[in-house]
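The same chain A turns up in both complexes below, where it pairs with chain B and then with chain C.
Entry: the complex of A and B
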């Protein structure tokens, strides 16, 4: 959102502030008082996911994850850090573009059906703990759902009311490659508030008027030069730890110019077409709409659900499927994400969060697939 | 301070709200293909509706689903070629109908085929790009169609013929499986009278068929007179047929900026959003269905894209 970026710049000149860990609960309380539904990281089924958050002790304090291709494991940290992890299987997409929602309801009226809006009664969200790559993912979905061709009312309503509290990464997983995609690890724009964790507190940057209003009157003071310097060191560590790279040079033409590359056959032998990568991806937006009839009054809900280009039925048309094999489907996914997304939305569809690498049951790593094609173009 | 939560921005209209429409009349075209002459239930909506040749609507059958169907003609026709709609509909005074030629091929179209005159459904649109007929003024316009693909050209045909003097020539090359599957055959005499040249071909002849047997590209290669520099070609049909028709046209000296095709893809949302209809970088529902060849040519040849 351009205006949000502009306000961020206006606030960037300000010195960072400071909130002690002991006072952090007051921020969460304030958000609830203001009517926000606070969503933040918490441990869900042996992974760090995003769910409703009321108390700081629901944060995964003292936990981190070990991620690698095809594997994710929670482990305890020695330092008790509150945000000492990166990203898990959830993304904020599940709140702005819910996995399932009713886009319209059809009701009988005489001998025809009238379609109605089904009001979205979800309160405004406050997202606590948005990583830099995730801010970028939200900005990408803004282009998908809020553009000159089309504005999606559900997304728009939720997005415009959402308060984004970003957290700067102070470590990076081996699957992270935000530096290659130009999205992180430092949060630079698109947030209302951004925090950096240090041992006893957080430095805090204000990115918007809305963010400034939220913290009014809370126990927050200017950060000292020392506190700012420590936060800077913490942030630098994330950047140093990033080891994964994706060479994006001319990537659109590289991929679209190699649609018959032998590597697609190779990856098709490994890929299970399980759809995991598309579900964990913070930018994948493909969906299907199906009708569900209510048993009580016979009304019909048009239900939108996440779909995936890895589902065989996805490219169904008039009695046939266009992308019948896994090779065609993996190729569709990768070329869409990294190449044709640029044609459609003037941005890559990849933010470098590495979720698709971690959550692929067979450990397929898109950076390796691209590298293989780059190495020997056909 | 609770104002922090509210936003002053107006929320966009819901694009999913199809408008109720009724089947005003029904024309059985060929086996498995019918034209539905639809009219919105709300007279104001019906009067305000506009589309341009090449665009499509989403037809919604509650409880079944939606399908994208090109508007095959419709609207108030003033003068020119007589409207193709056999108006058994006594209530033509109720306003124009919007015609959709549908082949029974999936759940929604099967359910649609069970509805008769008077049946109701939902309609939203129009969506998609148009045949750029204004760019063809003064040119030889070549229409190439296969099977039910002719439906996507029908509104263009009427528009071309209603302004026939603006074009140097208007020619249709049309191929179908067999003589009895030639779409809109009863309208050909009127099209010819209005100044269109028609050549048809079939894969399999039947008793009484005196025309050629073969595929459309064979007609293309024999077409005379031929002035590639002032020809514009528009094409719709099965994807394989489009590929061969395009190849034949390029072989006869047309370039990629003189050829427009209309692609069929699984379209669900019709607003460039659900992702179902992609062909290479194009989302067919948003940049298509009508696209100039240079936008998709590299992807047309790739199996399964």
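Entry: the complex of A and C
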């Protein structure tokens, strides 16, 4: 994956190219022809989520959303933009690190058990519409699942085969704070292709050999200076619109030095411990593994499922639950995400996408929690 | 007696839906029948054998003096007693009478109220005898029932989650109906097990599986009220199939007391 970042830089020197909106279907068709399963934004249940995509008219063209703490509403746009929205309830995590999977299987052979790997038969993904904060989130999950100590085979297989087509944001939601986390809004590395939407088409940057191969022969030309300038203006708008800030100055020591702050009690009174923030988070990776026995006792499936530090039972070890109240669990989540994650993976666990703020049913905003602790340290 | 565990199914005040979940296990039923001896299951067979039983599955709540006695005998006869469903684990929808007394309900429902002899309350089985495992739901999930039976056969703890419904919504990719549509949903305080069925069809969770582990109800009901929902309506939402489950009961009582106080203030 480090190679990918280096290749991106090498390609960055090239002039952007141009694909007209009328020709965009040819890119999607090409991806399917090459054997990719294309996943992209589409309207699902009153929100813009990610699902399989075959035609451009499945994109949420002409739709945007209004986001705030605890609220998301789809709204129609007047300009018919194709990617005129920000991140929604889903993230690419559900494709690279599936919510439920059988990771191993054991079969009884007389008085012993034969353990099998369970092959992942998912075709290679092409992710269409990956935002800068999401590229950063994928890079963080790479450190979790593909580090020198542990390699997760399912994640590795899916990640290495996945083609990432990024989309530069041309607007920001009030919940976005990628500039505070240094992850966006502009896509700078980690993609195979990156596009910026303008009224008539997209400027397109190539970020890898694989990206270059995919678009070969498609109706794509060099972008004109004007087209590049318009795209630049569009990208700049996103940055201008970002209003939310998280002051990350010495944040590790701030949080770990305030483990008994009164704010933890305060947030525990508001927090439902419902897990939504962790499950919408594009970097949270907690899961549980259970052995599911067949009724005839002849086989066992080892099943991995998304889990969450907000579940009391998640911290159960023999004899009891470690984090027995909401205060302990919220503190665990926030201090891990923003502080001890740095010790563990040499990066913050937060990319500033704002999902945990929007999708908290009671609208708890982590930037406000951190600010309150910073304002009056204990 | 065969070497197989002896299984008995008993019904108290209930609709029978939970015990029918056992028969709904169509694909697994024969395999299950090969591993247990069903010796008492009135919905399925006229074979009726006396105890002792290795496993008793008990459906329904206690609403009559006769049933108060009968559950004691079931307990004495059974090595492992599992209660099934909201009636058996929380008193069921019929526990609504616990707030207003049974007389009004009896008079409203029955043509001959004088034929009816009932207790003033509908209560969970665990209020009367020791229960070894409670399986929640209205109705229960048949696969969770299978998991309970398998765990008993294997001698391990059943793996039925105690976390809330939100986890199941997120795993299946359902978009939060509260955040995206402003729909009132009890999912954040309700135990999982149904697979988060209702939100997948744009409905809020009705709380069929009762309170989740450590449910934090006050901030949820505060939030619903801030969104314009009346305290009366929230109390009504909490008083359904699991109305008398302690966490739901306490919060609905708190809201109802507030409403009563407001109404008594001129």
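Observations on the model:
Definition applied: the second predicted complex is superposed on the first by the 373 of 378 C-alpha atoms of A that agree within 3 Å, B and C clash if a C-alpha of one lies under 4 Å from a C-alpha of the other, contacts with A are read in each partner's own complex, and residues count from 1 in each chain.
Keep this in mind: contacts are C-beta pairs under 8 Å (C-beta built on N, C-alpha and C of every residue); 3 or more make two chains touch, one makes a residue touch a chain.
Every value quoted in this text rests on a predicted model; they were computed, and no experiment measured them.
On the superposed chain A, the positions of chain B and chain C stay apart, so the two partners fit side by side. Note on chain A: of its two partners chain C and chain B, the one contacting more of its residues is B.
In the superposition on chain A, A:52 makes contact with neither chain B nor chain C. In the superposition on chain A, A:266 contacts neither chain B nor chain C. Once the two complexes are laid over each other on the shared chain, residue contacts for A:290 go to chain B and to chain C alike.
Of the two partner chains, chain B is the only one that A:103 touches; chain C does not reach it. Looking at the shared chain after the overlay, A:361 reaches chain C, while chain B stays out of its contact range. Annotation: apex chain A, arms to chain B and chain C, angle 70° (C-alpha centres, rounded to a multiple of 10). Residue contacts after overlaying the shared chain place A:325 against chain B and chain C alike.
Of the two partner chains placed by superposition, only chain C is touched by A:280; chain B is not. Touch criterion met: A:34 reaches chain B, while chain C stays clear of it.
Once both structures are fitted on chain A, no C-alpha atom of chain B lies closer than 5 Å to one of chain C.
Chain A residues in contact with chain B (one complex) as well as with chain C (other complex) are 290, 293, 307, 325.
Note for the complex: chain A touches chain B at residues 34-36, 103-104, 106, 109, 111-117, 123-124, 144-145, 149-153, 156-157, 160-161, 163, 210, 213-214, 216, 256, 259-260, 285-291, 293, 300, 302, 307, 309, 314-319, 322-325, 327-328, 331-332, 335-336, 339-340, 342-344. Chain C contributes residues 28, 31-32, 35, 146, 150, 153-154, 159, 161-164, 166-167, 170-182, 185, 187-189, 202, 213-216, 218-220, 222-223 to its touches with chain A in the complex. Of all residues in chain B, only 1-2, 4-7, 9, 11-20, 22, 41, 60, 62-66, 103, 105-106, 118, 120, 122, 264-266, 268-269, 271-276, 278, 280-283, 286, 298-299, 302-305 touch chain A in the complex they form. By the touch criterion given at the top, residues 44-47, 49, 70-74, 88-90, 94, 99-100, 269-276, 279-280, 290, 292-293, 295-297, 305-308, 311-313, 325-326, 358-363 of chain A touch chain C in their complex.
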